[in-house]
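Below, chain A partners chain B and then partners chain C, in two separate complexes.
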Partner chain A sequence: MITRRTLLGTAAAAAAVGVSAPALRAADADTLRFASSAGGPRKADPNYTTQGADNWHCTQMFEYLAAPEDGDFGKAPSDFQPWLAESWTTSDDAKTWVFTLRRGVQFHKGYGEMTADDVVHSFMRAMNDGVSTSNYINISDVTASATYEVTITLNNPDPLFLGSTIFTKNVMVVSKKAEEEKGEGFATDPIGTGPYKLDVFDTENGVFMSRHEDYWGEPANISKIECLYISDTTARTLALLSGEVDMIEGVRAPGWVPQIQNQKSDLLFDMTVPGSFNTLFFNLSKEPLQNIQVRKAIAHAINKQELVDALQPMARMVYSINPPSYPTGFELEELPEDLRYEYNPDLARELLADAGFPNGLTLPVNTSQREDYRSQHLIIQEQLRGSGINIDLTIMDHSAYHGSNRQNLNTLNINSSSLPPIPLYVYNNYAASAANMKDDSSGGANYSHYGVAMPGVDEKLEAMLQTTTFDEYVRVGREVELQIQRDLPMFGLPTLSYTVVRNPRIDLGYEVNGGYAYWRFCKASIVA
Partner chain B sequence: MTRYILFRLLDAIPTVFLVLTLVFIAMRILPGDPALTALGPLADQAQLAIFRERMGLNDPLWLQYLKFLWDAVHLDFGTSLINDVPVRDLIIRNLPHTAYLTIVSVLMGLTVGIPLGVLAATNRNKPADHIVRLYSLIGYAIPDFYLAAVLLVVFSLKLGWFPINGAGHGFWDGLYHIILPAMTLALLKSAFLGRLTRTSLLEVLGRDFVRTARAKGASETRVVYKHGLRNALLPLSTGIGISILATLSGAVAIELIFNRPGIGRLLIDAIHERDYPVIQAGVMMFAFFVVIVNFIMDLVYVLVDPRIRMKS
Partner chain C sequence: MNEVAEPGNAGSQTDNIFEREALADEPTIADAIRAVIFDRLSTKIAAVLVVVFIITAVFAPTLAPYDPLSQSILNINKHPSWEHWLGTDQFGRDVMSRMIYGSRNSLIFGLLSPIFAAILGVTLGVTAGYFGGIVDRLISRVVDMLMAFPELLLAILIAAALGGSFWNIVVVLTIAFTPGFARVARASTLAVKQEPYVEAAIAAGVSTPVIIIRHIIPNILAPIVVLMTLWAASSIRVEATLSFLGIGTQPPNPSWGNIIRDGLANMFATQWPILAGGLTITVVVLAISILGDSVRDALDPETNQ
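Coming up: the complex of A and B.
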């Protein structure tokens, strides 16, 4: 029989059990704390990470054979500098690349010196397993030609091989011995050569790292790094303002930067330029978007400058698909006048009338509830209304939005992706017929059906693939860019910088100008 | 009594089964591809296909459903689609945090709410009563996530008295970290419990046996606490049960805003990521909670009111 006394006793015991629930680690003073906007870490192996936030800890622990200066992309082969490889050579046909490895590079936790076997292993697993195997289909063979030398043979020439392949996270070098020992556990307990090593991988709280004391280069200034995950924007912002974390991932929404500056005026902002491509895809399988006059009308009805102004200071102007700072991007004055698609609502109305829509038209469009997507779509909705184009906008959660795009249910979807200055990569993903998105979600990110619903740029892409010099590669690439601009299956919207807000007590040690949406902390120091 | 408990437990089975079925169907109806969410919008087709096959997403729906039910019966919730961690481990790591938050906030809510209700009932239509009723009204009206943000700004950001995020490290740090989130939920609970206590107590205090007690010269304290509050416990225990369940659902928002680990945050992240096994297990945990809380409240009724015991 349960008595009231027993009940109270049990309740007290339950409370005591609750009180001793497992809890977070406390952080010490010589620690840099970064909070990204995700729920929790998924993997710590660069070949298997699938969320952007996980790249932050991977980039502290793993390294490339060659890489550009911290804080930028390499836009040309000459921008890359030795890293785990101390030098390299390439054949005249740009198909054979030989890398001489740096000697004395030690893996974390006593896993020994890096040799060619580790590099070959790292490439082989990226080619055969992992989450981006198709990025490496151009590699024919990777061999250890000596203890400290690796030879990579390609199927097709690639004058931008350092950028297209070497400087990609899946081929960051891992310890072969450690992976063979740890098996599946390697994904959350990996061994690399970077300036920080993993201490704790905690799916609820984050990834905790400490300085790799046997690092081959300049040792990291700050002894510990904590990559935390705070998905709620308010919580993340308050954590920064209170000093609980040093850096947070920003929010790409109109007015967010001035708002947080008002709260604390000495905050610093690190931004990648250009950051994410924002590409508006015209779904060529949907009426009346097959009609180029309609597509041109929409392009002329969009005031890009207004978008840039609304999303300051993160937005940058784009005149074609690639931003002007990228090898095949165009400045406005470089484009033929008829391919500039400057804001002109009167011309948009005329084009609509020519296309048989003198009274305007209505398009159903889905958008994501994520701030950057939603705000751009809402601004565009308002702008198009001025030219008689009514957007019937449905806002849905982010997964549902991508799901609807992949099932061919959207008409004017925006895709936001942080893409490297590797034009062929951009075109292969967005414009090649092989990437055509299919109704059953089995296709790629060519949401326009370009090259399928209308002739595309496949032949030019094949020509681009056969170029052996960087100059030739860029020349053909710019032809592709112009062809896309002429056919208008998609429309480049202003790019949005990936933004990190930093407490002034942290000096990053270099300036962030561009690059992927993650950067290294080994040069950072605590200055206050 | 044993028979009563057994019947109550058997009652719970169809409830849990129904919840499991509804969750399974809801997840499959929702647009969004778990493979795409897990691997990203630029994932290559071969990898997406491998992922779907490995996770059983290509199986016919009826087969997925049967597997899901079979595994649920064996308390095997499978592996997270997103990070390959067994869902059981995720639940075990997160559940104590949610349970802790619920217990502390309900205790805080009771500690504040019941005395406030007594104060209001014993001072009917006096300033104290008006203040408590106003407090209850505000408590009813204010959303938990808004109150959480206000408390965070005032007590953590401006005054610096409490930490902003996390669950703390060890007993004392854990206690320090839970005060503000628990207080957020407790303030709302206390408003509800205060109002309920006032109403129940006023109703009891008007009965004949209370009048008799007063006529026999019992002190007002004895009348209120011994005769009044004790007899007001039955409706109050129902309210406490509802309050615990409301606290559990409120924990979802609170865990997100205070960035605390817990079943609520786990569930929200899983919904964003279309992590079916975690969603299913998380919702099942909430369903279990509801069943267990209801079951405990049924037992409490039996203890509080001997008439129910006699009937059972």
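Coming up: the complex of A and C.
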């Protein structure tokens, strides 16, 4: 018979086991557990990932031809090191690049040695298909000039080719044989050359990987990696505090970093600087955002300093689209006075009145449940209210939010993305007419319809491609930056460091200073 | 209900006449309610709480110390102090003011939805009960169908389909609560329809609408009023749940539900929004339920004896 006392006793025992078990499991195993803030994995193929969290496992399983040291973007061509390519040469006109491949690189699960065919295949699919084709329009041809040699011909010279193209996730090398064999199934059963190979792709829980024993380089220290998905912030934080996971994607919300430090003072924070661009796109296909006065009014009504203060220590000031530390970014003093868009609610009201909205206006805006988007939109909503601009906010699921942005259903969307210090990469993704967002979501990330709904910067981007020296390239790039600032199809908000909180028992093996919002675990070790 | 559903024999007619005589000697409804409220301590407390809640909601702009939407980036996640009795949230908004303004939401939904549901439900129920036949079968089946869904599930379904604006939530709650009113109204109508005064009115040639409005509705109102008080508590609870799930009141407008939701994401910084929201919902829903129970007791002749 079950009495109340035995029932309670059993429940208490079960609770005790339930609480302590994950911690023990984590401490014993030779496993690194990382939890990101999405609902579940969608694709494990770097050319098709649309949610940032999926890049975390892709970057463990796939590799570039060349890449900078772990922990940052390559700032200059000399920062790039041989990876799957052993060496490379470039022609005098910087239009032909020849890569000599490393020999003996084995794909996962016995898919054989990597050859030029695999590399060509990987580039061709990024150019023709996938989520970032607009970034590869400068490539004219990719050919296998020998078994271990790939020749890439460009339409126009690109002095930053390594950073703009080679070190981008869409062209990470995949096994041609495996992709042809698996077809669409490749995205959930990927074959790459990276230090980890896929064990289980579980759409509910995450992606489970183990060490690739035939890896060409130094083998990974930790034998297993688990990329887990815990979208609920509180649950994810508790998982870290209890030791159930070793690293979690941080929450970029006001006051979050100090409150986590209060919980457990020895936790480590890995942060990228400057981190994610946060770009506010004015959808030029929506009334009344076609009106430059309205856009200027909104820009003047936003208090960027307050955003920086609210999101300390992750936020950094930005005065144009690119952050000041990037080649084409501007410092405040460098901008003409009328393009600084300093916070001035009275001026915003005047501009609105000039535009025919003396009593203010109301705009419906969708935002994501994810804290960084939500916090920024809520703060901006409150700031705009001060200038008579009423934002009717709908908070939606993160995927639904991106869906609404990509289907032309939003008006003032924010896009958060860790972009490299490669000006053309930024402009090609955000400002080129080729990246125009389309109603059927087949378009790119030019959410403003810049260059389509109004004349854009296509010609200047073309001119950037014609330059042969870095200085000239940057000079034209800064003209592009200024024109965007003048036309105001989009507005740069403060950047936010991508933040990962780490249990001190994990040593990453390198320091994170910048770079994309995902990093490799193969040098990590368990120190406690 | 069974007794009145099969009237028509002489015995029950006699009973009815007897009962009506007894009723005539009883105090009025208002007297009964007053007696019940002041008889029990729990009801007294509940009544006070409900009055406080209503006053808070009605005079929110006067009572709230701050603008519930106004952010203060320098004052985020503050613990309770003299300036901010319940502290501030992650945007530096005063939690107390948000709770006070949130009560308006709860009051409006707590009143509007049951009233609309009562109007809709009584119309359907009386129509079904009075006319019977195919009309009754049709309405009853639709009501049965709606009743098959738990009210919260139904509310989530509709809210997810329509999106979460103010009137959508009112519509959601109204639809969710209508079946209950329709059932009660139908059963009561069936009972009242058999009363001699209704038969007399029919015999005297009084038109159907007049019979329904003058003779049926006033006599089925008591259980409907009880139901309304009970549903008021439920609709506050369901609105909070929907807002908690993100498909109810949309931020930045405060609702007790979304104050808890926001507080949950920010739990490690300040626990006060969750505590305040959770406790308030519990207390108000409990108070209204206790009051509703007492009103039911007062209006139900059997428990009142």
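To be clear about the criterion, the second predicted complex is superposed on the first by the 351 of 528 C-alpha atoms of A that agree within 3 Å, B and C clash if a C-alpha of one lies under 4 Å from a C-alpha of the other, contacts with A are read in each partner's own complex, and residues count from 1 in each chain.
Methods note: a residue touches a chain if its C-beta (ideal position, glycine included) is under 8 Å from a C-beta of that chain, and two chains touch if they have at least 3 such contacts.
The structure displayed is predicted, hence computed values, not measured ones.
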- Task: State whether A:133 touches chain B only (first), chain C only (second), both chains, or neither.
- Result: first
- Considering only the touch criterion stated at the top, classify A:254 as touching first (chain B), second (chain C), both, or neither. second
- Query: After lining up the shared chain so the two structures overlap, which partner does A:234 touch, if you call chain B first and chain C second: first, second, both or neither?
  - Reply: both
- Per the overlay, which chain contacts more chain A residues, chain B or chain C? B
- Check whether A:527 is in contact with chain B, with chain C, with both or with neither, and answer first, second, both or neither. neither
- Partner chain in contact with A:244 - chain B first, chain C second, else both or neither: first
- Task: Would you check which partner chain A:371 touches, where first means chain B only, second means chain C only, and both and neither mean what they say?
- Result: second
- Message: Counting contacts the way the document defines them, which residues of chain A are shared by the two interfaces, the one with chain B and the one with chain C?
- Response: 234
- Message: Considering only the defined contacts, which chain C positions touch chain A in the complex?
- Response: 69-71, 73-74, 76-77, 90-92, 163-164, 246, 250-252, 264-269
- Query: Mind pulling up the chain B residues that touch chain A in the complex?
  - Reply: 1, 30-33, 36-49, 82-85, 90, 93-94, 96-97, 99-100, 102-104, 107, 149, 152-153, 156-157, 160, 163-171, 173-175, 177, 256-259, 261, 265, 268-269, 271-274, 299-300, 303
- Item | Touching residues on chain A, where the partner in the complex is chain C | 233-234, 237, 251, 253-256, 258-260, 262-263, 306, 309-310, 369, 371, 374-375, 378-379, 381-382, 385, 393-395
- For the chain A and chain B complex, residues of the former touching the latter: 1-4, 7, 14-15, 17-26, 39-43, 50-51, 130-135, 184, 187, 203-205, 230-232, 234-236, 238-239, 241-242, 244, 396-400, 402-404, 406-407, 415, 417, 429, 441-445
